[in-house]
Every structure is written in structure tokens, then in C-alpha cells.
């Protein structure tokens, strides 16, 4: 199985979720994260003291899928998250050796 | 001069002052967290800008000697002649300064009210200029018309504490601004969910608390009339909080905390013109109606498609209008409305409603267009994405 | 009618009104974030429900003509005869309306106090019905007994601002409800940690601020007695905040912010019956004791195993009882307690304590059972897991 | 005794009381979230500690019979002779208790103000002892000198509501403490960003609201002078909020919400000594200047390298000094300053400024060193890393 | 070494922590996340506007263990997190190539 | 490609970010997490009720780099995050099979 991590803009969450569901994904897990990258950050000023904030809010969506679905899912996510502006983010794919569904104890492809 | 009245009105002025930061929190909790400070700022800074303008020019335009029923003269410009005694004071029992500063607090909160309509997308610089012009060109005339000896007051329109001057005027301006500035980026696709409802509840509570100063203080004395206005204010707010949550419950959902807070504010708005003119039991009836009417009012924006972000039209516009008309019907205390046999009062109220909406909408239109063409009012999509706090103020609300 | 007194009591009424949202925040900060709105709502909506009920029926049951020392007659139902002048007013120096609305605010906050006991697990619909019945069947009689000409007042029980009427009554009801509704899901295994202590501190601050209206206002005039009540209130709160944090520090821990806030509230509760009857230095002594006594009070729930979520019993029940008895001992201002040589007063106070606890507990029991059997009061485990905000109100407090 | 004045001053005392939790929130929002409770606590608990000390000893040292212009005698120790009537009251129109409790609130907030300087790094135990000593050895003498019949008042120094007694004294103490306690761990490398600016705005709003009690109440009557002080207070705050955001905007940045709040507080500080002595239009001028002056004031710490965490020196020290001197220039109401032809007043004000700074700085130095040597004041690096909430109070602010 | 990710209900944190510690785990890292899955979400209503919230709060516990311990740990976590209701969550196991303890510079099995 | 997860003290974020950038990293993603480990927690007390809090705030920095850079990056992060006190945290390295840049669709080493 593969784990696909999609790091992208916060307001794209709904679009990506819908796209993934469309690609056959049954579940996913989302975290609020902060990203550093080409997009750059912004300045903040508090009582005359300037701070450079390099991190911008992003979301990270983790989804584990059976091997065969991975390509499709990556493509669906890429399209849904795309705006063409710097800061659209990345998709990482990595191997997962085992999956267990806690409720039933099912493992492998049945569990996702 | 009456020292007890002075004590009362000074404290009432403090209470009304407190309403503006209360409004800031009420509004601030309703926006997304990336816009919380910008939203708060658009209310809070009115305490600065409007107060100074009021001293310089606003007060005299409102309460200077009447010029043709239209506007006040410049007698009191720069607070000239506004002293510690009651010389020249529109309220003989009060130091002129006390009257002036009590009225000042009304001038502060009214433009702040409008800001809910264009929340999350207006640039700060343009907002400041817009608000300054609005005070002078809309608020001051309205205030003069109703309370400063102008034509509406002469005509006999009843507006105890600002149904027209404060709520309809800001509601009409809100409608105009919401249409002109356009929808927030993402409207229709993104969920605009309040980021901090406890903050909104706190804001509503401060509003309710301060509103006692607003309405009871409008008796301009600590007499039985003040007591009546105090009681009607409380009862209308209470009743409207209840009827709003009943409405949303019947409407197929749950009773919500935001509904209770919104209902309370709706009741406070609706009772404002009526507070000193109707009895407590009628205030309960008016409040019950106001909760339902304003619950309907906030649905209008979906039907007509403008993005009145925080429902200024639905609550202040609709609620103020409803209250003004209801005053014409229900007045029995120191004035006579329909139920006291004076059908004419309803007509007078109707005329004042139409004139207020017409004047405020049109004048706001002109001001908005002028400022937009010169300084610019709408934040870009990119600024809205980043959030107004960072893009307009280089700050963020929370670092938890 | 005295205009200065009227000014004072109207402002005091506003202050007392502000206490209820203060309580909402005090309680709201103490629960888990998924229950913040539901908890706030159970206080806030009392402003709506109790106010209207007070006007309709509560006021007259409390202050209508005495019927056998037990209850008030229906003279003032629907605020009939409650006017802008002092005709029929229990306080001759005040407009009848002023007296009525000041008392209204007490009727609002008392049922709200109870809600801390069953926080995080009571359904909203049942809660509303329970509270409405409680106002009529518990609060109104209690209020009549003590202040409305009923038997407790006739007996000479001293209760300056509501030790029995407000705090013991809500404390006894809280104990009853906590037992009957059962423990929160996860009690004993999950950590119930306050989700937002700054909110709780703000709530405590608003309570302290408003309590000046509560206690000093209970003098019903802006005289020296009001000054005395104001000072004793402040000093007792101050002393109890200190003694509570000393108690927890000695008890092997650290001085906590929540301890300071809780102690302040404990002191305010305990001084309530005594405020106008004792001197400031005795108020300090009473406060120092109250902080320690109520710190002990909150430990009771562990010993006896009921889940009084926000310590209503420990603070209002125990603190109110302690204050009532202490009043019998320490009264020297306009009344005589033990130290003034009148041992009998302690007995009178003791009787009033027992009667209050007994009556309120029993009547609450009946009401609870009736509502539980018909509408239902306890939220399911699943609803509690999801949080009361989502399951009862379809809202969430924060979207950060 | 005047009942209207009594009503007014009691309410004003309540307003001033509310300022201390307001300050707690103002400060609490500015620190990092791991220190929010400890910071709030250092203000909140002053309501406990200072109030009790005031009753026991502080009031009499301040307002007991004058001993050589230096300190008050022990006549009123333990509030002996401070009664419900006006016997012995420094204000004949007020119950002695009313005067005492109004003054008490000033004694509560002043030490709380200092705590901003050493925020995020002072141990709680040492803080309590330091504050207690400071009340007795710094505040009480200062209060006596200016208002209690001491030498500064005799000399003719003008301080309407506490420019010297409250703001310069706490500013000087803040400077001393900031230097002595040293910088926070991570100063210079870590970003110290406010964790909750809406909380800070709320705090500023409560301060503004309460400041009406502070300044208008200092008229000690509900007369025209109170009205004047009320108006000048509001206008100075408004003007300073504006000028601060203009200053930061010109200074190359954006107008910030924190700037508006800070400016408002700066204006309130600066008007404090002047409130009853100058006219509203001069108050606007003073406010406009104060916003810029204090904006400059907060830059001093970078230049001189002390870590005045929340800018107590920059705002209260600098603002209070500026206001005191400006009073000498602008006084025309009930006193004569430079513009009324009395250049001498400027000299008198200058002397009072120098004496206040010198005395308060030196005495604070002694107290700090004594407490530091015995109990210890600075938290360890490890405690600072963990956060003062957990390490000093075993609590955390938020569990979202 | 293996990384075990346990996604489950928030109120199960203490139980799972205790179970893992019992299975010999010395450290773990927890994040608050939002999950989308069969459990479904809920409706929220703000001034009459309805929103469907599909994400429910969950926690994600990451624990890296030596290969031999993985099976045991998965089993311990599964038992501790189990309620039998929809929404109990998943356990994912994936390979980790290297571990470094920052304090000491130790690597491999010594570092966890 | 490799994914490097750095779990360390929150106030080390800026130092680690600077060190990583110095080692040639162009982007990274940060999450606020809570850690359980040897460092131990603290006690909290609310109205006399004691709670043991075992989790301490940490940050987790995820950075995906081409294989060749991994060693350097780990070393840079380790140095920057090091204080020598218990609780400095861990670095985990795991394999990543594919990377996609959402904006451009680039994959592999070009995408990080």
C-alpha cells in the first residue's frame, strides 16, 4: 500500500477531499501545518518591532491507498489543488507495509 | 442643572462607549480568524476617529442652531461654547458637555455598525476616509433631523434612542456598501464559519449591558421615563432572544447560541426607537416579533444575492425599520400611536422610514463611489486569501 | 421618589444583568472546548427566558400581596400596576419599575448558577423547561419568603442580598441535579481540564464588578448603607481570593489563578447575605474564612461521589450557608448578631438555612423527575462524546 | 453628604475596580500563551492583596493626619473611624467609606501596572512580597504627598487623577525592575509575539471604560468638573489612538490594531493628571501629542537595552511624565498653567516629576534587592522555557 | 525500524499511551488531526446557513520502534483503541531507515 | 528520495530552519505536536484535582530531499536542535517513492 501526503493551501481542502472521494478514496486524515518554501512569508509588526514570518498555513492530507489506486489519487489531488501560483504545495508518495482497521482488526487492502 | 441626572447620564455615556468594543468583539468572533483584528479595528478605531471629528464638527452640525430643518450651524464647532454648566445645553438639567459626550458615543458606534457588511474585504485606509465622510454627510444630518431640531423631529417622528439615526441609517449604508464592494472571495464555495463564538457572545453581552445606557440614558434624566426605557429595553431583548431560537428551531434546526445572541441584538435594535414610548408588556410583544422578523431579515441576502457578511441589513436595517413602525403603532407613553387612537403616527413613522432609507442609501452610494475611485476600497483576492490582519495591519490575532 | 437613588439602582440593575454573561464565561472556560457554547447558552438564555417569565408571573408571585407568608398574590401579573412612579413600589424612593427590574436580574442569574452542576451533559430542551418550572416553584416562593413579606423575613432572618434566595437555593438545586443526572461520561477516567482559563478569569472579573450592583444595590438607595455593602463586598472577595490560594498552597500545591478566581467568587457568595449587616473589617475576616471553607467545600464531591461539574455546591451552597450563619454571628450594622449579644439571631439563621436547603432540594427533586420523565434531561454517551455544542446546538465554539 | 455624588462615586469605584482585570487581559494577550495565566494573575491577585493591605494600613498611611508632609498617621488603621457617614471623610459630600474604597481601587491597579515590565520571568512568591512592600513604602507615601496633604500637594503640584501617584510611580518602578531582573530568556533571539491580540483589545476597552470612573470620579462629585474630566479623558484617548497609528504608518509600516489600543492607553495615561484642569480641545491636542510621544517612548528600551516586556516605562512612565508637564502648561480650568500666564506651574510640575521618578526608582531598587536576596525573584531558564503558568501555578491557559 | 501511525479517537489517547508503554515503547509523538471516513460528520448551522462538516477530530500517534517490537505494539494499540463503533480508526506501519537521537547522536535501535 | 522527520523543542524552530536552508533545503513543513518520552511531563492542578500531563509541546519538521542530501540535512538538523538536555528529540529517515510539485506537475528530484 502507499501513503500519499498532500501538502497544499488550506482553502483547497474541500476541493481535494471531493476529488479524492471521486477517485475512490474512503478515508483520509488532515492536519494543519505550516509551510516554508518558495512562496515566502510576510512581515509582522508589534509595537514597532518587526518580525519576518516565513511559515504560511497549509494543510497536510494523508491518505493510504492500495497500490493500484495510487497513481489515480495523486493525479486527482494534483488537479484539485492546482492554482498555478507559487505555494500550491507537494505530493509525496511512500510505502506502507501494513494497515489495520482498529474496529474490525481487518488488515491489508480491506482495512483502508 | 441636576446632579443626579448628570451622574446618571455620565455613567450612561460610559456604558454606550463600552458598546463599540462590544460590537468589535461581536463582529470579530463572526469572521474567520485571519480577519479578526481587521474586523475589530474597524469598530475600535471609530472611538478615535469619530470622537475627534464629533468634537471638531460633528456635534455642531447635529446640534448647532437649526438651519432650515436640514443641518445645524457652526456655533459649537471645536466645542466652542460647550461648557461645564448647562448654558446652551439642549438638556437644561445637564452640563452642556455631558449632553455632548453622551451624543458623541452614538456617533462613534453608528459607522462601526456598518462595517459588518463589508467585513473581511475592505482596505483600512479607504475605510477611514469613507467613515469620516459618512459621519459628516450622513450621520450628522440624520441626527439633526431627528434630535437637533430638524424636519423629522418637527414632523413628529418618534425615535427615542436612534432607530432611524443609528440603526436604519447604518442598515441602509450597509446594504449599499455590500452591493457596491461585491462578495468576498470564495463566497458561495468556501464556508464562512464564525471562528470564535464565545467572543461573539461576550460582544453581545457587552452590547446588551451598554444598551441600558443607550436607551435609558436617552431619557436624559434619571426619572421614571428612564426606568421605563430600561425595562422595555431589557424585556425586548429577552423576548427576541427567545423568539429567534424558537424560529430557528421550528425552521427545522436546533436552537443555537449564536441565534440567542443575534436575537437579543435584534430585540435591542427594534426597541431602540420605542423604548420610552411603549409599555413593558408591549415591549415583550415587540421583542417576540423582532426576533422572528430579523431572523427573516437575514435570509434576504440569500434571496437577493448581496454579501452582507455579518447581517447588518438583516438585523439593524430590518430591525430598526420594524421598530420605527411598531413605535407608531404601540406608543402610549408620552406619545400616542395607533393603539392610542392616533393612526396618523403610523404615517409619520412611515415617512421617516422611507426618507431615512432613501437619504442614507443615496448618500452612502455617493461617498462609496468617491472613495473607491480615489483611494480604493476593495482588497485584492490575494490579500483576502492571506487575511486582512496580515495584509492590512501586519499582525495576526492568535499565536497559540 | 428619589432621583439619585433611581439613578443608582438602575445602574446597579445593569451591573447585575452583566453578571449573567459573566457567569456564562466563568463556567464556559471551565468546561471542555466541545461544550463551551452549550454551557454559555445555559446561562445566557436565562436572560431571555427568566426575564419574560418574571414579567408575566414571577414578580407577582414574589412581591404581590402576601398570602399566608407563603407566596405573593397575582396583583402584579403581567406587570399590571408596575408603573413609572412609586405607586405600589416596595421601595418608596424608587419607581416601581426600577424595583421590579432590579429584582428581575436576580431571578435571571439564580437558575443560571445551577447549570454548573450538570454542565456537559444536559439536553437543552429539558433544561429550558426545568428552569422555567424552577423559577416559579422554587425561586419565587424563596424570594417571597425572604424579601416579599413571607415567613422567613417575618421571622427575622437576615439576608441582605440573597444568601438564601440566590446562593443556597441554587446550591441545593445543584446538589439535587448533580445526583439525579449522574456523572458525565468518562468521569473518573478522563481528565476534565478547563479549556480556557483566561475566559474564566474574565468571567470572575465581570461577576466581581457586577456584584457591586448586586450587594450595594440591595440597599435600594445610594446611601451610607450602600457604601458599607459596597466595601464589605469588595473586602470579602479580596480576602477570600487570598485565603483560597494560601489554602491550596499549604495543601501541598501551588497558588493557582483558578484558585484566586474561585476564591473571589466564594468571598462574594459568602458576603452576600451579610453585606449590609457587618463592618468592613469583619468582612475581611468572613472572606478569609470563606476562601478556606469553600476550598473545603469543593472537596466534598470527591468524598461523596457526585459529579458537581463546576462546583456549584462547593461554592454557592457551602459559601451561601456559611455566609448566612456568619451573618447571624457578625451582624452589628442595623441588626444584631451574636457578637452584638443577640444569640437568637444565630438560631434564626440556622432555621432559615435548614428550611432553604430542605425546600429547595425537595422541590428541585420533584421538578427534575417530572421533566426527566416527560422530556428527558440527560444527553446520551454519544452526544457527550461529540460534544454538547454540536449535538444540542449544531455549532462549534472555535475555528482557529 | 450628597446622595447623588455618593451614587456617582460608588459606580466610579466599581468602574476603577474593573480596570484591574482589564489590565490583566491587556497584558495577558501580549505575552506568549505559556505565560498567560501568570501574567493575568499578577494583576488579578492585586485585587486581593492590595485591597486587604489598603484596609489594614495603606489607607491610613495615605490619608491619616499629615505627619510632616511625608506620611499619614495611623488614625484610620484597620479602617478605624471610616464610617458610613461623612465624619472624618476627606470629601465632605461623601461617606467616608465611599472615599476610602474609591481610593482603594487606585492602590490596587498601580502595583499591577508594574508587572508588565517583568512579565514572563518573575516568581510568584517574591512578586507578592515585593508588591506588598511597594504599596506601603512607595504608593502610600506618594499618595499622601499628592492627595493626602503631603508636600507635593502643598507645593501646588497638579495631579488630577494620578499622573504621578499612579503612572509615573509605576513607570519608574517598572524601569528599575526591568533592569534589575534582567532580560527574558531568549531575548534578542526568540520572537516575543503577542499570543492573543483580541484579548489585549478587550483589555484596552475595559481600561478605557473604567478610566471614566478613574478620572471623572476624581472630581469626587457628579458636577460639571466631572463632566469636564469625562470629556477630556475620552478625547485624549481618542486622539492618541489616532496619532499612534499615524506615527507607525508614517514610520514605514502599517496602522496596527495593537497600535490603536496602545495609543488609547497612552492617551488615557497622559490625560490622567490633566483631566480636570484642561479643556476638551486642549485634551485632543494633548492626546495627539501623547500618542506620538509614547510611540517614541517604547523605542527607548531598544536603545538602552532593558527588557521592559510590555512597555510600562514607554507608556506609563513616559506618558505620565508628559501628562504631568503638559498639565503645567495647559491648565486653565480651576488652576492656571503656562498658557494662563502662570509659568511657575511648569516649574512645580517639573519638581514633582523629578521627585517622583527619583523617589520611586530608589525605593523600588531597595525593595527589589531586599526581596531578591531573601526570597528570590527571577525564574530559572528552565522554568521560563516550560512557561510560568506550569512552573509557577501548575496550570495551563488553554486546552483547545 | 518501523514507524507505526495510530489514528484514533481523541479520548483514547491515555489508554493507547498506557498500552504502548506497557508494550515497551519509550517515546511517542502525538498530533491533533481531523479525520474523514465512514463515521461521517455532522451538520452545523450559523444564522440559518447550513454547513456539512465531514471531518471529525482524531489523534494521530506516531511511534517508531525496532522491527521486532512492531507486531506487539500494533496489537497493543489496536486493543487499547478499540470500541467497536465506526470511527475507531486505523494503524499504518511503514519502514524507517534511520533514527537519530538528537541529544546524544546515537543512531539505530539505541536511539528510539 | 528521503523524508526526514525532525521532532524537537518548539523554540528550536528558527535555528533548525536556518540550518536546513543552509544545507540546501528549499522547503519544509512543520506541525505542532505533543511528545511523550524520557523528558517527562508536569503536574497540573485545577481546584484541588491533580492531573499528570505526560505530553510536552514539540514541533515536527518534515522535509523531503533527494537521496544525496539526506546525510547532510540530518547532520545539520541534529546540530541545530541540540541542547544536550533530555527532550532534544529524534530524527527519523524514511523512503519516499515519488514527489510531485502541484503547481508545475514536476516529479522526482525537480519537485522538492
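Observations on the structure shown:
Note that the chains take the letters A, B, C, D, E and F in the order they are written out, and that residue 1 is the start of every chain.
We adopt the following convention: a contact is a pair of C-beta atoms (placed from the backbone, for glycine too) under 8 Å apart; a residue touches a chain by one contact, two chains touch by 3 or more.
It should be emphasised that the depicted structure is a prediction, and the values quoted were computed from it without experimental measurement.
Among the remaining chains, those touching subunit B and also subunit E are A, C. When the contact pairs of A-D are matched by residue number against A-B, B-E or C-E, more than half turn up again in B-E. Chain geometry summary: the mean Cα position of subunit A and that of subunit C are 50 Å apart.
Chain geometry summary: the mean Cα position of subunit C and that of subunit D are 33 Å apart. Residue positions of subunit F touching 2 or more other chains: 31, 44-46, 94-95. Residue numbers of subunit D whose C-beta contacts span two or more other chains: 3-4, 7, 11, 191, 193-194, 196, 202, 253-254, 256, 258, 394-396, 398, 400. Under the touch rule stated earlier, the contacting chain pairs are A-B, A-D, A-E, A-F, B-C, B-D, B-E, C-D, C-E, C-F, D-F, E-F.
Contacts from subunit C toward subunit E in the complex involve residues 186, 189-191, 385-386, 390-391, 394-396. Considering their complex, residues 44-51 of subunit E touch subunit B. Interface residues of subunit E facing subunit A in the complex, by the touch rule stated above, are 2, 6-8, 31-38, 54-55, 58, 60, 74, 77-78, 81-95. The touching residues of subunit C, counted against subunit F in their complex, run 191, 193-194, 248, 251, 253-254, 256, 258-259, 262, 295, 298-299, 302, 311. In the complex of the two chains, the subunit D residues touching subunit C come out as 1, 3-4, 6-7, 10-11, 13-14, 17-18, 21-22, 24-25, 28, 36-38, 40-41, 44-45, 47-52, 55, 78-79, 82-85, 95, 97-98, 100-101, 104, 124, 196, 199, 202, 389, 392-400.
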